[in-house]
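Presented below are the structures under discussion, each in the form of structure tokens.
In what comes next, chain A is part of two complexes: it sits with chain B in the first one and with chain C in the second one.
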Partner chain A sequence: MDIYQLLRSYLGSTLRQRALRSPWTYRLLKQAVAAQKRHYPWQAAHRLLLNTIDQAAAAFLQKGPVIWHNVFFPTEVLYGLGTVPFAPEAAAVVATGLGIAERALQRAEGDWVSSEACSFHRLAHGCDREGYFPPPGAVVCSSHLCDTAPQSLAATAAYHGVPFYLLDVPHQQDDTALEYVARQLKSITFSLVETLNLAWDEDRFQAALVNSNAARERLLAINRLRQQRPACIRGEEAHSFIYLMLAGFGAATSVEVYGELLTELAQRYRDQRRAVPEEKARLVWLHLRPYYPNAIFQILEQEAGAVVVCEEMNYVYWEPLDPERPFYSLAHKVLSHHGLGPITRRIEAILAMVDAYQAGGVIHFAHWGCRQSTAGLRMLQDALRERGIPFLNLEGDCVDQSKYAPGAVRTRLEGFLEMLL
Partner chain B sequence: MSKLMGWLCHYTPVEILTALGYTPYRLLGRKGNNPRAATYLPGNLCPYVQSCLEAAIKQELPPLAGVVIARSCNAMIHLANVWPRYGLKGKILILDVPRRLDDNAVFYFSQNLRRLASELAHSGERQLNEERLWAAISWWEEQRAAWRKLLTCRAAGEDPPGGEEIMDGLARWQTPLNQREAEKWETVINRLARQPCRKSARRPRLLLSGSILPQELIAMVEACGGLSVFEDSCNARRLLLAPAVGAEGDPYLYLARLYLGGPPCPRMVNDREKRCRYWAEAVDRFHIQGVIYHAMKFCDAAMYDFLALKSFCEKRGLPLLRLDGDFSGGNRGQWQTRIEAFLEMLEVR
Partner chain C sequence: MSLTAGVDIGSLTTKAVVVRDGRLVGAAVLKSGVDSAEIARKALQEALEQAGFKEDSLDGIVATGYGRIRVPFAQRRVTEITCHARGIYHLWPDIRTVIDIGGQDSKVILLDDGGKVRDFVMNEKCAAGTGRFLEVMASALEVPVKDMGTLSQQASQGASISSMCTVFAESEVVSLVAEGRPVAEIIKGLHNAIAQRVVAMAQRAGWEEPVAMTGGVAKNPGVVKSLEEYLGTSIRIPPDPQIIGALGAALLASG
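Let's look at the complex of A and B:
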């Protein structure tokens, strides 16, 4: 059963947005998904979906203070406070699957949100103003890696009349920067406690960091397994777990999902259940992928046997957190991101991924409007060329299906594969 | 050896450059397309940044001892990445600029400024003398005060120097080719003040806003019959920082407060209310009748700044015109048609 099809039937009915605020929607969805358990190729993906439904229910039914955050904000803070985190950029992906993207993008355009802006944020704007998103109690956002997120989320906070907290992340990684970020994290945490009238529970806060470490350990183990030949999970399948990196760290449920994925993956490696019948090439995937139906992974993995074995977004870039020093260690995590600072840091990280995963090529999906990821490509391309690693910059849009040109994408992929294989 | 030190973002503390014996030289971009910069940076990145890189690659800039790049937005961050490799030779100093204004941010920025001063200091003179820095702060404050005074005469509805002349003067002020020229700032201002005004004060009074305003836009607005009386941009009014409140003993803390507390750039998302107050004050004091927003293509901050301005204008009943620009000198025909229609509408009101 297609989960999106089921949801679409709800949202397309007269209930429309109201369906999202009905507990029956989530009960029905969970039952439908639970009944389909054995049809999921990965039980971890099934578990992730059930958890996501629970999280969506908590947000839409306002089971706690809903805090909107961008995908780079350390969510351990939000789980540690017992709030309900909601990532509009991630929710935009769901909106794409639900088929409401066109309408939401039109709404954003009607509200004068420029079409030059990142479509994740345009879509989130449209979904919010059309009533498809749960209203926030507060909005938090970090400034690193994306210029649009702080602007877009500040505008959303102003629209809803709720407080907005900016985590300003510098590009340096020295002690002064660490101190600066740690102080802000502490200030934001206690401002949320005060504004939302939350009960401060130090044990719960520390538990979120413990969960984060446990999830990190499992993800590292998964990544180590994926470095082995041949691949036992396709890149298309592994991509769905990126959601946890963007919105799940700090939650106990993320530990469960990664744990289940690790167990399944280890079993598949023991059984040598290959991801594709014949692995002809191994690829590193940079940035995100398109979330509407497309043939990219079909062409790469199923038709050509070029398996995506590593996603940049699944890369563990930070050291374990210290629950005794939560703000400092979270600041350290934020500042450790390989996308921060000079582009050479990102290049080094990508070259390390290429080596560790024994990859023969790199694909960057250049999402329209993401200037952070695309602006440094020339230097990345030069570095890869020096190492003789084929590179493809595939231009497109992650959520706006109207920008997808199947013929052109196939031509570019086939050209790249010809060079690679 | 050249004593000119290039800078781009208006959060760059020129006082430090002056105190260290450099002549600050603002990179204001160039007219025309940027084909060579486009091979190093993607097409959908800030055209101002592309334009500055192109000017450097084509060696159209005067000889610079180096350049200070403030990592104030994504485009600047990427310029800082490519500049050492494809731009100019010479010193490249990178400065992180906070996006918020509070004690924590001021302290952090002051540390960065101290580091910048140390990196910029000539060999054998590792520490910048604080007295010289205070002297430079006073020198710059004197200049800004004179500019503010000149620009404020436009508030009273006197026959003012037009926006075109002001922008031209400000551009010359930001781009002196040596210290002797920099010291002639009074001449630039006095000449402007004495200049007979050929533009009637009865023309529609306009506020022009944007991240960086092309001079051609202001010239066109005035050629079409409007009068630019307030230019809210990082190459105009936002340069004219008012002295920071509270005398600090430490010049770096003072500078940090001065720059972060100045008229907010759209990047300062936490300062949106302050930005609205800034617009409100400009509209009231300068008797603004209409607003033109120049949306620099691919500037994420400007895209959302426009939304805030639109909401502000709707509340105040002010007509607003948005013009998209790529800093290349293109779009002129379209701009002219739209400006003429906008001014016509203002005259009818």
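Let's look at the complex of A and C:
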């Protein structure tokens, strides 16, 4: 039984509202996934999927106050409050995998959502209005990097008639900016407590930061392993864990998943169990990837032996948090993102990745409507060219399959590989 | 003796070239069809006939172009990016930028001094500014595509074409004809529109002189002139720009 086909047929029908709000859906799903445990090449990925099902169940069954957030808002706050975080952008990825994206995108178009906007947000809008998402009790959003998120999520909060909290993040990283962001984080936290009638538990809040630090340590260790040659995990596989970076920091379950991944990966390095039979090139991958069926990683990694050894989205850009000073350290984390501020910060970070991972090439996936990632590409290209590092800007869309042209993508990838190899 | 062949299966035409000891000895250009493998074989046979050889004399065949994966008799498949670079490098090793405008795509390819591809930029999901664009406009203007180049040179200025979408540009062209704008000026305007688009691609790539142009559209002197004006440099055109990809493929087949 293909559980994804079963889900698609379930969700595509008028029963979807009932299906998503039935505990049986999640019980059956977990059982089906659990039964396939031995088919997963990475047990950490299996655990991640089970945890994600639990999180989805908590959100759809309203096991706690559901708070929508964009992927750059520090989720330590939400886990620390004991709420159920829900990331519509990440859920859009799941919608793509479940084959309901086309209908949801049509709904967004019908609602006058600009087709030039980021497809993650267009899709999230459509999924929400089609009844695929759990209603929020509140919406939180940070202003940095993604310029579509504040508009999109503010509109969603208004649609649902719930409070919207914006974390206004400046471009500077000085003490004034730190103070400003920290004050807002504290204000948002206690506003949520009051508005949603939450029980403030300082221990639980600090525990979220402790969890975040533990997850960070494990991810750093994973990334250090991946700097070795040859690679023992393909980029396509490592990409699955980006979800934790975007929606999982602060949760104890994220620590478990990273811990399991670290154990498995370390063993593979000890056993020298290569990711591909012959590693011909090592690549850094910038931004995200298409989440519908596509041949990109097959062409790169399996056909050509060009392994993605580092994903920008898995890069640890912040210092450990201080549970005694949660808002300041979280503000520091937010302001530390290399994508914030002058493009030189991002360029320096990417060059450091190239050096640390001994990469011979860089691929940027230019997701449709993502201005924060694509705007500075000329300067990035020039910086990489100065270092003699081949660079490919691959235009496409992470969730809208109508924008995927298999032949054109293959030509660009193979042309790049011919430059590289 | 080394005898190799290159087959370039494009969206509008399929080209084959036979090379003996690095010298072009046979070439053919056919209209592409539904059965890429059959057309590729026919083109190869024609080129071999011209060269005076049979297929079993070949030491290697490389396929290129979008249809390259559908050529079962090729030993290797190489992208048209690399093949166009190799083909031009064979003719002019000093060229640093190749502009290739084909039936449905356009590309700017940068070469290093060894003829290796340094970088490339391609048009994204839109055939505006390609051979197909010109075909649609030629039909709207009721002039043969092959005459567009000479006709445009009769105009001292080009009409402004604001739309880059082929469909909307066609609509604009029809309006300009209805207004009584001379056909030569409309065509020059279309050539300018293509040139602006391609020059933007060239700037993204970081183009350098000297520049050469390949692909069927390079046979249009009007487009070449517009490109030269917008780039501010002269552009070299090979004797048969349409077969450069196949030539590069044949050269790559010899190692």
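The rule we apply is simple: the second predicted complex is superposed on the first by the 415 of 421 C-alpha atoms of A that agree within 3 Å, B and C clash if a C-alpha of one lies under 4 Å from a C-alpha of the other, contacts with A are read in each partner's own complex, and residues count from 1 in each chain.
Rule of thumb we're sticking to: contacts are C-beta pairs under 8 Å (C-beta built on N, C-alpha and C of every residue); 3 or more make two chains touch, one makes a residue touch a chain.
The structure displayed is predicted, hence computed values, not measured ones.
Chain B and chain C, once both complexes are superposed via chain A, fit side by side.
For chain A, the partner with contacts to more residues, out of chain B and chain C, is B.
In the superposed model, A:Thr176 lies in contact with chain B only, and not with chain C. Judged by the touch definition given at the top, the superposed model places A:Gln372 against chain B, while chain C stays out of reach. Put simply, the three-chain overlay gives an angle of 70° at chain A, taking C-alpha centres for chain B and chain C and rounding to the nearest 10. In the superposed pair of complexes, A:Leu61 makes contact with neither chain B nor chain C. Of the two partner chains placed around the shared chain by superposition, chain B is the only one that A:Ser114 touches, whereas chain C remains out of contact.
In the superposition on chain A, contact is made by A:Pro150 with chain B only, not with chain C. Closest approach of chain B to chain C, taken over C-alpha atoms in the A-based superposition, is 5 Å. Touching of chain A by both chain B and chain C, each in its own complex, is seen for residues 378. Those residues of chain A that touch chain B in the shared complex are 111-114, 116-118, 143, 146-148, 150-152, 154-155, 158, 164, 166, 168, 170-172, 176-177, 179-180, 183-184, 187, 342-343, 366, 368-369, 371-372, 374-379.
The touching residues of chain B, when paired with chain A in their complex, are 39-42, 44-45, 71, 73-75, 77-78, 80-82, 85, 94, 96, 98-100, 104-105, 107-108, 111-112, 266-267, 269-270, 272, 295, 297-298, 300-301, 303-308, 310, 322. Residues 378, 381-382, 385, 390-391, 395, 403, 405, 407-408, 410-412, 414-415, 418-419 of chain A are the ones that touch chain C when the two sit in their complex. Contact residues of chain C toward chain A in the complex are 66, 69, 78-82, 105, 116-120, 122, 124-125, 204, 206.
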